[in-house]
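What follows is a pair of complexes built around chain A, which joins chain B in one and chain C in the other.
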Partner chain A sequence: MEKKFGLYICTGCGIGEALDIEKLANMGPQLGAAVVKTHEFLCGDQGAQMIKSDIQNEGVNTVAIAACSPRVNFDVFNLPGVITERINLREHVVWSHTPNDEDTQMLAADYIRMGSAKVKKMELPEPHVEDDISRTVLVIGGGITGITAALGVAKAGYEAVIVEKEPQLGGFMNKMYKKLPTSWPFEKVEETGIDAKVQEVTSNPNIKVYTSATVEAIAGQPGKFDVTIGTNGGPVETQIGSVVLATGWKPYDASKLESYGYGQYPNVVTNVMFEEMAKNGQLTRPSDGRPAKNVAFIQCAGQRDENHLPYCSSVCCATSLKQATYVREKDPNAKAYIFYKDMRTPGQYELFYKSAQNDTGIFLTKGNVTNIAEDASNNLLLEVEDTLLGGPLSVSADLLVLATGMVPTTADEAILNLQYRQGPGLPDLELFNGFADSNFICFPYETRRTGVYSAGVVKMPQTIAESVDDATGAALKAIQVIESVAVGRAVHPRAGDETYPEFFLQRCTQCKRCTEECPFGTLDEDEKGTPKPNPNRCRRCGICLGACPERIISFKNYSIDIVASAVKSIDVPGEEENKPRVLAFVCENDAYPAFDMAGINHVTYDPNIRMIPVRCLGSVNTVWVADSLSNGIDGILMIGCKYGDDYQCHFAKGSELASYRMSKVQETLNRLVLESDRVQIIQLAINEYDQIPSIVNGFMEKIQEIGLNPYKGF
Partner chain B sequence: MTEEKSLGSILVVGGGISGLTTAIEAAETGYDVYLIEKTPSMGGRVAQLNQYFPKLCPPTCGLEINYQRIRKNQKVKYLTLSEVESISGQPGDYEVTVKVNPRYVNENCTNCNACTEVCPVERPNDFNFGMDTTKAVYLPHQMAFPMRYVIDGKACKGADCGKCVEACKYNAIDLNMQPETITLKVGSVVYATGWDPYNPAKMDNLGYGRVSNVITNMMMERYAAKNGPTGGQIVKPSNGEAPQSIAFIQCAGSRDENHLSYCSYICCMASFKQATYIREQYPDAKIYVYYIDLRAPGRYEKFLNKVESDENIEFIKGKVARIEEDPETGQVIVEAEDIFGGGKIHQKVDLAVLATGMQPTTAESKLPGDLKYDENGLILEDESTVGVYAAGCAKKPADVTTSVKDATGSALKAIQTMVRR
Partner chain C sequence: MSEQEFFVEPDLNFIKDVQRAGGGDLKKCFQCATCSVVCNVTPDDSPFPRKEMIWAQWGQKEKLMSDPDVWLCHQCNDCTANCPRGAKPGDVFAGIRSASIKAFAFPKFMGTLLSSPGMAIFAWAIPIVILLIMISLFPTIYSILPHNLDPHSFFGELVNEFKVAGWGNMPAGPIKWTNFYPELGIDMTFITLLTLGIISLAVGLYRFWNTMKENHGEMGLMGAPVPNLLAAVPTIFAHKKFMECDESKNRYYGHLGVFYGFVGAFVTTAFVASQFWLLGMKTPYGQISHVKFLGNLSAAAIIIGGLVLLVQRATYKKSVSSYFDWTLIVLVLGLGVTGLGTELVRLADLKSIAYPTYFIHLTFVAYLFLYLPFSKMAHLAYRSVAMTFARQAQRDLVSAEEIA
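== the complex of A and B ==
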């Protein structure tokens, strides 16, 4: 496409009063602009119409809009089919710097140079679309979560395949007598209803069920997963669009709970065993088969304990309350005793707790069970301290139920068996105690394997009702990814992005950095180590682009060349002018808006900074740093999201990788006798705009201390 | 982005984290969505929070991503200052009338702030719970989406003043703007109308409004926020000074049949989080948490462990009976029962924070459409519900993650309604 570049400068919102616009506009022809126009209200009807008219009548197909932040007026300046770059003269220039000042003018001029350099290199995206996208969702696990997810996609017009390792569907609910109340007034336990649910699945023509089966392999990418299901009749191959992981939990291994008498005293059972007893009709003592009349429950049997499970299993308090109602239902004269650390019945489960408190046959107290012994008739003698009754307590129970916790099935098994270069499971689950959880509070369906969504207890300890809600959401995400890849668009967080990374493999040296560092496991490898792209797994963060030492990875509108051209377009004053130049690569998701906030608040900072927004700090290639330094730039700031266990990077690893790579750059700088302090990584959250002056000005001072870049002017 | 044929339209009511999620998730699956919000900007309650537990990350981070997703997706049409007036029809084919209240500021607004500079009227800032003021023409807050000014019609002196009209170079102010009613044709409706902090004045014994240094947990969020009334400084409202001792009063309204019979789910974790705000600002301050049960379900336990290991934070099991002001020192006297020791505890502190619960907005005003509510005003929904759904805290008290999951599921239910047709 032959480009016809139009540069449009807005003079509104104080831009015209603070800058010499004529000077800026006069740069246009030199920068390659065929059309240069200014307008006092570019986002108004007339202004926007002016641009659109040039597109229609003058053949302008490449536009740089020097006005406000791209975070505003995005709809006004949405120009389909036109290469567009927004240059932020308002928030990042005139609202943050001294008006009619030489340095402010130079800043604006550089931004226009940089924006112009970028649009000249940018191309329109051409989505990567694969043929024969599968619209079938694989649901791993046939418990209530998996059942709900499968029914959810089926009712939305898609097909589902359930793979269940047991001989029948239903999961733990098959073992359950009753379930917790799910509806107002939350007072009575309810029938599980699992048989009807299983029936609904088996009679649904859009759901195929494999029982006594496991997923042996998942290869390929969203929309085109090749799945091998291991069944009794041998392996079955099928094409799948996306995956819901709903493999649930295992009870914590009670044999580790010897200190609670389990395995030592016959009448100590777990809550799972007790549930099965209730389901089978009799609450009897294992020692002698006599009905249990006094049943004690110990909460947190292993949970909230660094030696066992450090987390709370969320449902055990309500479950013991439910099981206490079994005791009362089976024999109105029987008594239940529940000893807890904290009664955790959050939300509306509180109402169920209240109803249990109203039953005089259910005895509830906070307390630490300090000793468990057995008498001659196999009764359990409990010593309880710190009770709410003003002193220690001794209780004799003929059955003791340990409210044991939940362990996710992903804690020690990959389950997915992904045929990915980075391994078969979801990475870094130790951050979540083995649960297949999201790191993001706002985005609970995020996983680091695109097209794979977890739900139910494999994700976090939760009740049946909560698992059902979770499964419904996961079903939505599973069909959403299919519809997105079908038209070549990225999913969250760059949802809708139609670009994707292209690899110029002739120059690849098989260093494997891209295949190792992609947080989403996008790239596989051939036997030589050459990356094999899977565009439908890609989130378009550009971390591969940042990793590649050969600079062979590019997006149509984001590449080594595009950013390097912007870097090189910066007009670096000679040494004699003593005007340092600092280049900041800023995360466009968080740091960039923080700089916008600084502008809105008219917070001022040193005008010798130049910013380049990047998709993720992890997409910064060290060659840009080298280019900057050889262009005479005096210092580089890399401003991105917080990393560590509570990372805020939307691409999980981007800011951490950037930090690691820059430490290598700093080593190189030292070797070149260029001070490593010239490159600094900053972690900045989106709301920390107030820190910007000290960050920028502080770095400028440091640069002045070090002295200007000795390569300036070479 | 290419245009596609419409698969059907969904109306989402409420632009908080739940409504935003339902709208965006449905739109990214290919459906057209109308998202309407009754206040001037999106973000709802989470926009008022300083940080989320347990990561202590800023909610604006996730909101910004969600706003980006809206910016890039032509399928989400959003309206602010709008409320549903009526719903007629049946699942798959509803006609909804929506009242759009006047903003008095049109799309010409560039956020240049010239109007605010000349406006002579101050009004209490509801975003900061009235702890500071804005002009009658104002930007809802710095991260507002849409980023557009608004005039408080009740506070504005109107055309008699008209200074803002004169100051605006962009003809963005129209003081004669009238309410409009528009009609939308949609296949399904999701109410994500969220919650209000439970009114602390209803608990006279806890001293709110009577004891000057008693605040609510949501006010604490605004104090701690950089864009709050004090620029992020946690202070005593009485004199703006730093508190040296702070009490958190858990279950202020929650788990109480006279107020909210349920547990509000988030207040324990919210107080633990706020304890970290205080510890960061005032390393020597002493913190007392009065609680019934410490509810940190799931992996939240780790955050509780962290807070518990702080020797300046003391946890006291006991319900607070009364809060009074010490007439001599102006301190807050917290009176609680001593569960373990027996008798009463009297603790003097500089500041008391009521961990008020969440009450559904539907407790006070019911919504159009065939909805059922429980006694707390929460919208009832079950498997037989078709066509008009509820998402997030309109349905149950929950944390952000749970609400977002529910809201994502609500998008699926809304879509299923149209597929079923």
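== the complex of A and C ==
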């Protein structure tokens, strides 16, 4: 495609007053622009129309818009079929630097050079579309979450397949006597209603149910998963578009709770056993079958405890209150004692707590149960310290119920059995105690396997009502991914991106860094170790691009060459001018908007910085650093998301990998006989714009200390 | 209070008693201790009402019945007004006190009789029946009394009163109370009732004292009860504790009026009785005597104080009033109104209603005496004993001012 490049400079929002626009515009022809225009209100109807008419009448097909941040007015400057680059003169130049200053002018000029260099190398995306996309959603787990997800999928006009390992649908709710209140005034326990839900599923023609079945294998990619379901009648092969993981939880292994007398005394049971007793209509003592009239509950039994489950299962407090009402319901003279660390009844369950608390025969106190003993008639004697009653107390109980916690089914089973190079399960589960959660802060349901969404208790401990909401969200995500891959678009967080990584495999050395480092397990391998791309699994972060030592991975609008061209286009002043140049590779997701916010708040910082937005800090290839330094750049900042246990990286591993690769960068520096301090990695959260001046200015001071790049001018 | 481990066996019936007697919201407490922070009356060390609230929730009958703090509370309702949970600690304490009075009652059934609204009709019937029986027995009493006395002598007159006493004199002749109920009959009846009441009360207080000593005397008791009681008297008479209340300030005036009204009535009665038995001075006194003045003033104080309390209870919506509370207000106002009414009908010479009015007044007095240990009236004794114990157990002893 013959490019005709149009450069459009907006003079509104203070840009015109702070910069010499004429000088900037005059750069255009030299930068290859066939059309150079300025407008005082480019995002207005007239301004936008001016660009569109050039596209239509003048044949302009490549556009650089030097105006505001690409994070605003993206709809106005959305030009289909036209290669478009936004140059941020507003937030990053005039709003955060001294107006009509030589350095500010140089900054704007460099940004126009960089944008022009990029746009010249960029190509229009050509979406990757697979044939025969399946629009069926596989729901693993037939409990309330799976049932709700499948019903949601079916109601939206898609097909669902439920795989349930038990002989019947219903999951844990089959074992339950009553459920927590789900509607105002949240005071009375309710019938579970699970039978009607199961009936609704089995009578729905769009839902196929496999019971006593497991998922043996999932191969392929979103839209084209080949799933093998193991059933009593042998394996069944089916094509699936996406997956909802709703396999729920298992009760914590109570045999580890000997210190609570479990296994030692017959009348110590778990909350799950107690629920089943209630379901069977008899609250009796296992030792002698007599009715249990005094029932004690111990909260956090083996929870919030480093020796057992370190976390809170969030539902056990409300569950024990519910079970206390069972005790009271059967006998008005019965007593229920609840000993807790903290009574945790989030949300509307506070109202249920209040209602249970108001029952004459329910006794609540904070306390540590320090000893449990048994008398000759199998009554249990509890000693409790640190109570609200002003001292240690002891209490006699017919039955002791341990509020044990929830263990996600993913804690020790892969379940998904993915046929991926990176393994059968979900990565990073240890960050979430085995739960299939993702700490992608704003990304519920996401897992690190594209097209697989988790919901219900397998994701995090939650109640039935919360699981129902969760299932609905996951069902929508499952549908969304199918519709996205059907047209070759990325899903979250680069939703709608039509580019995808292309591999120039002739030059691949089978080093496996891309297949190893992709956070989403996109790439499989052949026997030799050559990557086998699965574009529909890809989130388009470019971490593979950053990893590749051979630099054979590129996107149509984001590649080694495109960014390197931008780096090389920076006009580095000679040594005698004493104007240092710092190049910042800035994560588009959090750091870039933080710089925008700095501009919006007119926070000023050193104007000798040049920023290049990157898809993820993990997509920064070390060659760009080398290119920068050999171009005379004095220092390099890499600003990305926080990483570690509470990571904020939108691609989970990007900023962490970038940090890891620092060692390589340092090697490069040493090879070039340069100080390794010239490169620094910064973690910046999206709200930390106020720290930008100290980060930038501090780094500038350090560069001044080290001295200018000795390669300058070579 | 105690760091000693105790065995907990909640008493569901005690909880229900407290709930019925005003503490209906006791279970709502979630132990934030706002109540103890806002209370101006509590000692600083292990303050009430927070700890009593969870004892009540847990049905800790023994702990509550032996707790002097329950009685140190004067039901200002500062706690109730500030409770974020609507648990109404002030009312819960009133409920605990009622339930304690009931539980300390000797004989037991009297506690139940006086605390059950359903039995109110019997509770009121008993003094009426006693009085009616007494009246019907006057001829019999007359027959067994000696008749050889000079009819104009002091004792001769007393005996002769029985000859003509009872309903038969109504409405003939001048209004003369001894024509209806002889002087000696009054003394026989009411000294007996009061004696019964005091014996019962003494048993209850004895139990109360012992249980306090067993359960809350861990700091040791200082000195003897009597000096401590005397030391508490100025506080009681000055209503110092009431003055510390922020909410419901009017109760201070109401209670003060009723309290001094009763003190005045007691003084009047004691004076008249001693004048009668020592000097043979008979009633009615002239309208300008000091004693008469004190009696009338007392009646007025009781009525006005009672009305203040009535209005306060009727209009103060943050707290609830129980059967126990209303009964006492009815009793107080009844005593005051019928007492004064008895005097007024005599002065107005309203023959037709004179004796019935007097009879009603006597009923109220009988109710007061007989039920002294079982009705809310007993709080006078229990609170005084609790304050005494609190001083002796060094609980409620020293405020900064007292040291100074």
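For this structure, a couple of remarks:
As a convention for this text, the second predicted complex is superposed on the first by the 712 of 714 C-alpha atoms of A that agree within 3 Å, B and C clash if a C-alpha of one lies under 4 Å from a C-alpha of the other, contacts with A are read in each partner's own complex, and residues count from 1 in each chain.
The working rule: a contact is a pair of C-beta atoms (placed from the backbone, for glycine too) under 8 Å apart; a residue touches a chain by one contact, two chains touch by 3 or more.
As the structure is a computational prediction, the values presented were derived from the model and not from experiment.
In the superposed model, A:Pro593 lies in contact with chain B only, and not with chain C. Residue contacts after overlaying the shared chain place A:Gly157 against chain B, while chain C stays out of touching range.
By the touch criterion defined above, A:Lys354 reaches both chain B and chain C. In the overlay built on the shared chain, the residue A:Val491 is in contact with chain B alone; chain C does not reach it. In the superposed three-chain model, the partner touching more residues of chain A is B, compared with the other of chain B and chain C.
By the document's definition of touching, both partners, chain B and chain C, reach A:Leu388. Once the two complexes are laid over each other on the shared chain, residue contacts for A:Asn333 go to chain C alone; chain B is not touched. Contacts of A:Pro444 after superposition: chain B is touched, whereas chain C is not reached. When the two complexes are laid over each other on chain A, chain A has residues 354, 388, 390 in contact with both chain B and chain C. Listed in rising order, the residues of chain B touching chain A in the complex are 1-2, 17, 24-26, 28-30, 50, 52, 54-69, 71-74, 108, 110-112, 139, 142-143, 147, 169-170, 225-227, 231-232, 254-255, 257, 261-265, 293-302, 305, 317, 339-340, 342, 374-375, 378, 380, 382, 396-398, 400-402, 404-413, 415-416, 419-420. On the side of chain A, the complex with chain B involves touching residues 12-14, 40-41, 43-44, 68, 71-72, 74-75, 78, 80, 152, 155-157, 182-185, 304, 310-314, 342-351, 354, 366, 386, 388, 390, 432-433, 435, 437-438, 440-445, 460-462, 466, 469-477, 479-480, 483-484, 487, 491-493, 495-498, 589-590, 593, 597, 600-601, 641-642, 646, 648, 650, 685-690. Residues 333, 335, 354, 357-361, 363-365, 383, 388-396 of chain A are the ones that touch chain C when the two sit in their complex. Contacts from chain C toward chain A in the complex involve residues 1-10, 12, 15-16, 19, 27-28, 30-31, 46, 51, 54-55, 57-60.
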